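Here is the structure we will look at, set down as structure tokens.
Order of writing sets the chain letters: A, B and C. Residues in each chain are counted from 1.
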């Protein structure tokens, strides 16, 4: 029973993560219709915002270790710690939350430059060309990050205060044995808020309405005298920020390396498409569905009946859903079907 | 080949050197390959086949004949997850070439015993090298190795950072008749069921990890433990799980469960939560590289290390780890037990000589991957000197049963039966209080070679013929 | 039209078969790379029959490549070391496989189709890597073994003997022989693709690409045509997979991974989707970068740029090394972006533009001449 409940928590946590990671892609791919293979790289840039901030905050005074003679080995003491003592230490400890703020302007600029500099020329080009150019961009971004930061994952821990586990079981009056890491709970909450925010933005503001209308019929919206291009740029910027934030938040779970984005690229596409093109709600539902099913499929009890099921469950579910429902869970008709 | 020369001559970027002609397209055309080219032209361009032995009147592939140099092929991961490890391997190889050619401070040439090398290349020939990217994929690695053999005339292939690739390239080298000196590969299979006459491994294996860890585990955690394995779902993971399980069960431990996890799973939470209430008090992570960094980070996040189970402190063990992995895992690795092939902090003369050369050249200490690759290059060159020839069967015979010392890890035997090196294995622990950014592993014990030696028959396999 | 096509195929054949002679000029004149050119060229040409002709973008074609490889390997292990049965069986089995997957996946179109094919291929990959290890040998890859129970040509190898290698009725298929074997199949494959393109079947596919709805309104059922195209291109992939094994007897699961499927998509787009020659050019380009650019190192760079003054060389070589060796991916990424920005339509579009420019110049010259004449 505890095991099942824990897997349910895992599933919700994974689902939240999947939905959040795919959220930016829903906007660019599902809404603007650009097949964005650089989505993974955007996620990666987000997580490296956290790494960069960490590097900045931990700039250190280097004390040479004299026992090592053949090369220079240092014990590094961050300047912040020297200058501000405990306050400095706390700042470093809070790198990841601080990186959320730090990453917003960077990601906004990143999205803006990417859209104005590159993507805007590709709205009307074929999907094939969109794939090639965004994939090329993704490789270039990855290689630049690799050239500077190396290929090895870089640890970026969450603040100490949230490093332990929460007694979720006790809260719910269930067994004490049910504990869950604080950071994952926070991630889940964060995902819920961000998704809700984007959802409200698209559905409850005039801006969102214009964007949705522009997607359906770009030219007519243009004729009314609305500068739809500008709106699309803004959507792109928002998508980059959302993706970047997902990247920052994920660093304590997965120490980032230059390739981290590629690992989520396929998954993001699966989530968006299974949810249905153009449907934010669908993508969120798909994220949770895939996350929960994946967690349950990984249980030893399930694996003993169906060996290897945990390795393919995501794809299996994708196939079943796409066969049962022509446009994914909640897809709009006529989007990306030709 | 002949036509290649001709076309090459016409390229704009041609430069005459003493050795022959260099062109953009054909980087390494020296006198030797030029001779080969003419030989092929003489034999008729109809069916030039590089894999046809005796193609140029010599008796083995890429026979340097009376050329002034020989070429080694350094096949390492330069892209993908192990790119940093590969880069370190490449640094070590460059250093090895330098030392073999009598440049630099000589490194382990000063400490290796017995030593046939003279510091003037191999058998009087200068060593040159070509590099390639394995991408940690069997296909790419084989392609790259074939390029080295077919185009660059490599006499020996070495490198790599995973067992799948090592086994794939080893098979290729057996077919091609070119010696392969494996880089970092830890699976029992490499010198077990997939062993090959032309393949040699200096690195230790999963069995030896288990054998080395056993006594330390007993000492630190007692004989009444309940272990839970998370295992990367591919051959290396399975051999390690099996080896560690055998060792721990011999100590009297119970194995609660063994769970296979997909390679590159990223988030391991769905495999970690069942550990929480399984009654296990030890978690064994049979993961390597990124998988290990992720699973360990997450296991710690789930509070496993703060747990008390069965009245005992919960422990995590990572049977194989390296400094690079420790770096990626950050604080999470502190206090974790595992085994490693070599560490730069070793104080023996061989290790010190290597760390000195490497550190002065690059400004930081070598990794265990760099060490094994450096040693492999030296061992091959030394075997050629011993054999007095580059003829692979003779070189193989020189390596088989070769006993040496002074290359780190103490007295070492290259066992003839399976081409596996037997030497001391290090049991290490993630350092609680590192004195520098490189001081991540603390050596708990140097387990002597006798304790990790096993009967080659237990893994089966067949080396195959000397003459490929 | 047919005459022109035949000339095209003849020129193609001539260029391919003489590769061992001229490819050395760009450093590609060695068997393994030429084999890769031929095999991946075939793979891309086959992929183009689906993607280029119908517009259906499959993201799972690597699965058929893998099935082809495993089938050929098992044919060597169980049947005979002759390449012919291996190649035929692999093509057939991957065709059956493609028919099954295509039947299901083609019930959807557009992106939904792409994700369906991707999902099938990823399932194949993940299973081959882990659970199906008895059949595929997982990560290590399926190889020949001394105790293979081969029906024809003797089972097993005596202790200490060498493993057999694939042959074509006694002709060894390693080295350049292997290349010629693959190259001839490539030329045949290219010829078939040209014939298909010109046939009424090809026309039907192109019609589907331009407007499937309209096609459906006319009462025509497009599904059988689409499925045929899917199966044919799956068989090309299986054949390519078999050739990989024929030339180098090892079949690994990573051949089926999504990155491998993505690679053939990139090859096709890079060369020019829907063009006959484009996919081959794309395949050659990517394989060339992968094998040659990754092999450069600082020593080689210094050798190449030796002619530069030292102070420039000191700056230039480290910069250039960003793009080669461990940075060869960067070059590839930049290339992708440049091609798509400046040559929409891929490499073939570039050739067309070039031709147009030259042609136009001639025309202009002719016109001026004419104008001068009337004056």
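To be clear about the criterion, contacts are C-beta pairs under 8 Å (C-beta built on N, C-alpha and C of every residue); 3 or more make two chains touch, one makes a residue touch a chain.
Every value quoted in this text rests on a predicted model; they were computed, and no experiment measured them.
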item: Touching both chain A and chain B (chains); value: C
item: From chain B, the most remote chain by mean C-alpha position; value: A
item: Between chain B and chain A, distance of the C-alpha-averaged centres to the nearest whole Å; value: 35
item: CA centroid of chain A to CA centroid of chain C, Å; value: 33
item: For chain A, residues contacting two or more additional chains; value: 311
item: Junction residues of chain B, two or more chains touched; value: 83, 233, 260, 262
item: Per-residue multi-chain contacts in chain C, two or more chains; value: 126, 129-130, 329
item: Contacting residues of chain A [partner chain B, same complex]; value: 2-3, 6-7, 9-11, 13-14, 17, 65, 67-76, 146, 150-155, 157-158, 163-165, 177, 179-181, 183-184, 252-255, 257, 259, 263-264, 294-295, 298-300, 303, 310-311
item: Contacting residues of chain C [partner chain B, same complex]; value: 20-22, 24-33, 36, 126, 129-130, 133, 138-141, 143, 146, 159-163, 165, 172, 174-177, 244, 248, 250, 252, 254-255, 290-291, 294-297, 299-300, 303-304, 306-307, 325-326, 328-329
item: Parts of chain B lying in touch with chain A, wherever the complex brings them together; value: 80-84, 233, 257, 259-260, 262, 264, 266-267, 269-271, 273-274, 276-277, 290, 293-294, 297-298, 301-303, 306, 324, 327-332, 355-356, 358-360, 362-365, 434-439
item: Contacting residues of chain B [partner chain C, same complex]; value: 1, 3-5, 7-8, 10-11, 13, 15, 22, 24-28, 45, 47-52, 78-79, 83, 86-87, 90, 129-133, 137-140, 142-144, 146-147, 150-151, 163-164, 167-168, 171-172, 174-175, 189, 194, 233-236, 260, 262-263, 462-465, 467-468
item: Parts of chain A lying in touch with chain C, wherever the complex brings them together; value: 35, 118, 121, 125-129, 131-133, 135-140, 142-144, 147, 266, 269-270, 273-274, 277, 307-308, 311-312, 315-316, 318-319, 322-323, 326-328, 331, 336-338
